[in-house]
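Shared between the two complexes below is chain A, which has chain B as its partner in the first and chain C in the second.
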Partner chain A sequence: MWEFFVRSLDASTIFTIAALSELLGQRSGILNVGIEGVMLFGATLGFMVAQSTGSYLLGFLAGIVIGGLIGLLHGFFSITLGSDQVVNGMGIWILGFGLTAYIGYPYTGPLGMERIPDIFGLSPFFFVGVALIVIAWFVLSKTSLGLKIRSVGENPSVAEVSGINVTRTRYLSVITSGMMMGFAGAIYSLDYNPVWSNNFLMGWGFIALALVFFSMWNPYILLAGSILFGTLWQLSLNPQLVLPGLMSRYIWRTVPFIITVGVLMLMSTKWFRTRWGAAKPDALGLPYIKS
Partner chain B sequence: MKLGSYEIKLEKRVALRGWEATAISTFAILFALVVFSFVFVQAGVDPLTGYKEIFSFAFLSSFGLPLTINRFIFLLLCTYAFIIPMRAGLWNIGMAGQLYAGMLSAFAVAFAFGGKGSQGLTLSPGFVIPLMIVAAIVGSAASGAIAGFLKGKFNTNEIVVTMMINFITFWVVARMIKEGGLFMGSSGEGEGFKLSEYLFAPLIKGIPFTVFIALGLGVLLWFLFAKTKLGYQIKVYGKNPIAAKYAGISPSKIPVMVFSLGGLIAGLAGYHYFAAVPGVYKITKNYGEFGDLAFYGIICGLISQGNPLAAIPIALLFGGLTNGGRFAQGKLKLGFGIDYALLGVLMITLVAFQFFYRYKIVFVKTEKEK
Partner chain C sequence: MLLESIKRGDTVLEAKGITKRFPGVLANDQINFEIKAGEIHAILGENGAGKTTLMNILFGLYQPDEGEIYLYGEKVNFKSPLDAIEHGIGMVHQNRKLIPAHSVIENIILGHPRAGNVLNLKRAGKEITELCDKYGFKIDLKAKVWQLSEGEKQVVEILKALYRGAKILILDEPTSALAPPETKRLLESIQIMTNDELAIVPFITHKLPIVLEVSERVTVLRRGKVTARLETKDTTEKSLAREMVGREVIFRMERVEVEKGKPILQVENLSALNDKGVLALKGVSFSVHEGEIFGIAGVSGNGQQVLAEVLAGLRDAEGGTLLFDDINILHNSSLERWLKGIGYIPSERVDVGSIGDFSLVENVAMNYYFDKKYAKGGVVDYKKIRKLTEEMIAEYDIAAPSPDTTAKSLSGGNLQKLILARVLSRKPRLLIANLPTQGLDVGASEFVQNKLMEAKKERAGILLISEDLDEVLSLSDRVAPMYEGKFMGIIPGGEARREVVGAMMAGLKPKVDEI
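Entry: the complex of A and B
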């Protein structure tokens, strides 16, 4: 049972970092529905580099760098060209999904490196995740940079008039966000489950995207949601640990997705929105063209 | 920017004419194919040889052409499943889940009437085959309707919902065909039961009859969008859902409508590939790959700018490219997943080219300074 709990927290780490990265981008008004694609890139490139060089550090760096580059690409399409952010995000997801299937294939199989040492049984990245949540909360709500990010996400024209460079702030957010997505992917393939197989994320990125909507754009609620979904995910993989023989293991795999739909539905009801006042950034998904 | 005595400027398009859209789309595809040649170069293959192999297998060989046509039908149906919600400004990325739902429903009918393997049918195939198609349509339309209902009723993000349903249905299929599931085949190797020969869909000159359904739907959809009230309402909703509401168009009805229709067509794709393609006639082990292939529907839909007739040649081209790609992969000893890589490259090129659907480059002659 303890092991199950620890594994759940390990899984939640990936949801935490991935969803936090999306939250950061969305706070600046940039929606990236291609998060799963960026994570696939980070996971695959991180895996390839770590295996070829034998260095975890280089693997993680590769994941972070490719994530940042994809974030830059998303920024170029969404900020500079002002194209539809959903289309761009879809493009990034399909690019990641298609290209990593091809480039990663020769690396199919286990990583074959000594496991990253744990701290009290937990992955060290769990603590990194919690620290990132606190940092993100602090930066977003207590610093002038956070105010800038939030204001370009709420009302870019007013932000521009008050002297904030909207383009620069959005680029900064979207690139940092991409780097964190790549990092989250690399944690999956180098620490959580160090085996490469085709399209192995199977929905982690999309659940992380949904988690941002659940969190009402608040990092602490996001952390709680990530732990809940990490546990759910772990339960769906190993139901025999908790409820042996209840349902087919394949049906267990559907549980996190069904609950995601259910919670998402609840959160979008009028009752919920008026009761809890979701803090959705006003300019989310809208291109800003300086006039 | 200045170039000699000309100034190059970007100008926002007021309207996109048919020929302009065609030119941009064609250029986007060609550009993607040029970019993709790097994959060949990196694998040590001359890109021209690579493309020649792909195209000659896909369109000129007597073995490859029928395979291309089967894929073409599948992709065209997936494209239509995407286009209908797209016209209403909504994203259906649930073609995979919807086609699995259609496939499962069709096989449930076959199973119920004793169409499993060599068992005798309890009713005539003339009755069971149409019933399978109806079941596929109903099952997949219901699957699509969930996302539409949630969008219309609660404004729930349809991208996340359709994607979640993809995963849910993926695992339900696994449950049905593996580890003693009802639809498990007799060999028990993780694939579904083989349809009884009576239930093989009719072929016309070796091509599944579903080709007529797919092409017929193209014309029908063109008519729907261009000439009917519903088509007009979908368009208005797509341009501005709030304005549509004031114009008396129900904001909860349109999403349900477009997602049910889209789902329905994806279900036909599921029926087509798993119950009508010669040599398949079962839920195969690699059904997930067909779910992935369905994402080409997104690209076809975007390149054709939602035009159901323009989608026909594009789906044919992509059917050929993916089919020929798999062949070339084996013949030229390329890595696995060349069709996946192409999917990625095409998609991102298209995203970059979106810009040109909205802007045009104009050359303005500047007067020489005196």
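Entry: the complex of A and C
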């Protein structure tokens, strides 16, 4: 049972950091539905670099850097060129899916490095994730920078006349967001499941995307949601640990996705939008074109 | 010149020969004026007179093609609104530049250089409260902006400008969205500001009496040029309107007396929710008769919009009855209501009243595609509708190069004329006119009001929803002031006193003998 609990929190860590990165971008008005692709890049590049150099540090750095670069790419298209962010994000996912399969193929198999040591049986990244949540909450709600980020996500033209550089603020958010996505991917491939295989992320990024909507753009609800989904995910991998004999693991494995679909459908109802609609950044997904 | 040494009457801002061209339009043509410390200097002009362009130049959104701006005697060249703000120019926008999801204090300190890396809300709150006390504003700094009334939002914008250290405050249509008591409070606050050597520059199209009440000087713009510079005390409402429009304007529309017919629309205890799911229409009862204009007066956001949408069939009612010709139409679609003879002029000309990318012909077709005479077997007879559109353009004097022009290229006044022509050409028996003259200049408003009067003469029943108290009072046979989803009473139009109706719009119950 304890083992199950610990594994669940490990899984939650990845959801937390990935979803938080998406939340940060969305609060600035930039939707990145390609989060799965960015995480695949981070996971694969991180895995390759770590295995080649034998250094975890370099592996994580590689994941963060590639994530930041793809964030920059997404920013260039959606901020500078003002393209459709959903189309753009889908492009990033397809690119990540295809390209990582291609470059990562020779690395198929286990990482073959000593495991990253645990702290109290937990992955050290769990503490990093919780710290990032607190930092993100503090920055967004208590600092000038956070107010700027929220403003450009709500109404960029108001931000502009208040003397805020919308382009710069959005780039900052989307690049930071990309770096965290890459980091989350690297945690998956270097710590949680250090074995490379084709498309080994299996939809974690999409669940993280759904979690942002689930959280109503609040970091603390996001943390709770991540733990819930992490637990469900773990349950799907080895349900016999908790509920021996109750349904096949293949049925359990569908549970997080069924809940994801359910959450997204609930979010799109009129009832939900009239009740909680105010939480969503007003300018989410809308390019800002100066008049 | 140092800011501290500015004395009352010193020139703080001077514009010399400001010229701005847009493709095909000379928006500002050699405009000169000066603004002094501690004065209220109104800038008057119709829509299209170049007011907005001038305002945007002063605020750094546009750069003039020719001409110079001097601030405290020094030449300045604003590249952005931030430049203007840093030079002490504050702007209070008509379409509020605020973030609804954020709190009042967050809106005020947004982008302020002294906000601190970690927001110092305590200090900012204290400083803003001092400003409020000084100028007589009352506002809850922790409230979210979406919860505020229009008047309160305006206060937030003013506070934002003052907190940024504005010495010259530009107000865009400052009183257009306010109830009379709010207007009075605003004008009092402005007067206090002028004692602190602030210069106040309201830009005004409507509500000329306000100008006369508080301003010291007036600059009038017409077709991009300054046509008059006047001391307010030497002017009257009529003379100002003549300067603005360039011809005599009838001010008080003569109410045509028409024999009142049978009730055509009967509403009993009607209620409905708004977009947020909150009960916004809380049980109203009234009737509209043939040959009558029934006016609803109210400040925006008090349920008029919801009422209009329920009547037009665009929004479901929560309860109540709705009889047209003694038949319940509550469950009829908006098309069925059209066919019965209910015409609707929506307040959102651009979003609901027309499709911007469609030609005028296609926009007219939107009200004719269901008419057997204009569409046979599902095939629309565009030739016929084109001819109809041409007739409308001629009869309503719509400034459009051809019927194939897109709707979005028309000015607000011309678009409203087209919508009006389209609705009235169907000879509706009941016309719901929601804010028909909002945002229109004096000339176009007069035209629209005349057309409503003509429809009344032809014995249509008209429901007029307006935020302009003078308009409602002068046109309506009966007036219902609306406040928070309810009618505060129904008063005969001819006898209604401006102050009483104004107070009722703000939610005050009148004493019986006052009516």
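Throughout what follows, the second predicted complex is superposed on the first by the 279 of 291 C-alpha atoms of A that agree within 3 Å, B and C clash if a C-alpha of one lies under 4 Å from a C-alpha of the other, contacts with A are read in each partner's own complex, and residues count from 1 in each chain.
In this section, a residue touches a chain if its C-beta (ideal position, glycine included) is under 8 Å from a C-beta of that chain, and two chains touch if they have at least 3 such contacts.
In this text the structure is predicted, and so the values were computed from the model without any measurement.
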item	value
Chain C versus chain B on the shared chain A, clash or fit after superposition	fit
Dominant contact partner of chain A by residue count, chain C or chain B	B
Partner chain in contact with A:Ile164 - chain B first, chain C second, else both or neither	second
First, second, both or neither for A:Leu99, with chain B first and chain C second	first
Touching partner for A:Glu154 - first (chain B), second (chain C), both, neither	second
Touching partner for A:Leu286 - first (chain B), second (chain C), both, neither	neither
Partner chain(s) touched by A:Val128 [first = chain B, second = chain C, both, neither]	neither
Partner chain in contact with A:Ser144 - chain B first, chain C second, else both or neither	second
Which of chain B and chain C A:Met90 touches, first, second, both or neither	first
Where chain B and chain C come nearest after superposition, their Cα distance in Å	8
Residues of chain A at both interfaces, chain B in one complex, chain C in the other	none
Chain C - residues contacting chain A, complex	81-82, 85, 91, 97-102, 106, 109-111, 115-119, 144, 146, 160, 275-277
Interfacial residue positions of chain A with respect to chain B in the complex	33, 77, 81, 83-84, 86-88, 90-92, 94-99, 101-103, 105-106, 198-199, 202-203, 206, 209-210, 213, 248, 250-251, 253-254, 257-258, 260-261, 264-265, 268-270
Residues of chain B that touch chain A when the two form their complex	39, 91, 93, 146, 150, 154-157, 159-161, 163-165, 167-168, 171-172, 174-175, 178-179, 181, 292, 295, 298-299, 302, 335-338, 340-345, 347-348, 350-352, 354-355, 358
Parts of chain A lying in touch with chain C, wherever the complex brings them together	142-145, 147-148, 150-151, 154-155, 157-164, 271, 274-275, 277-279, 281-282
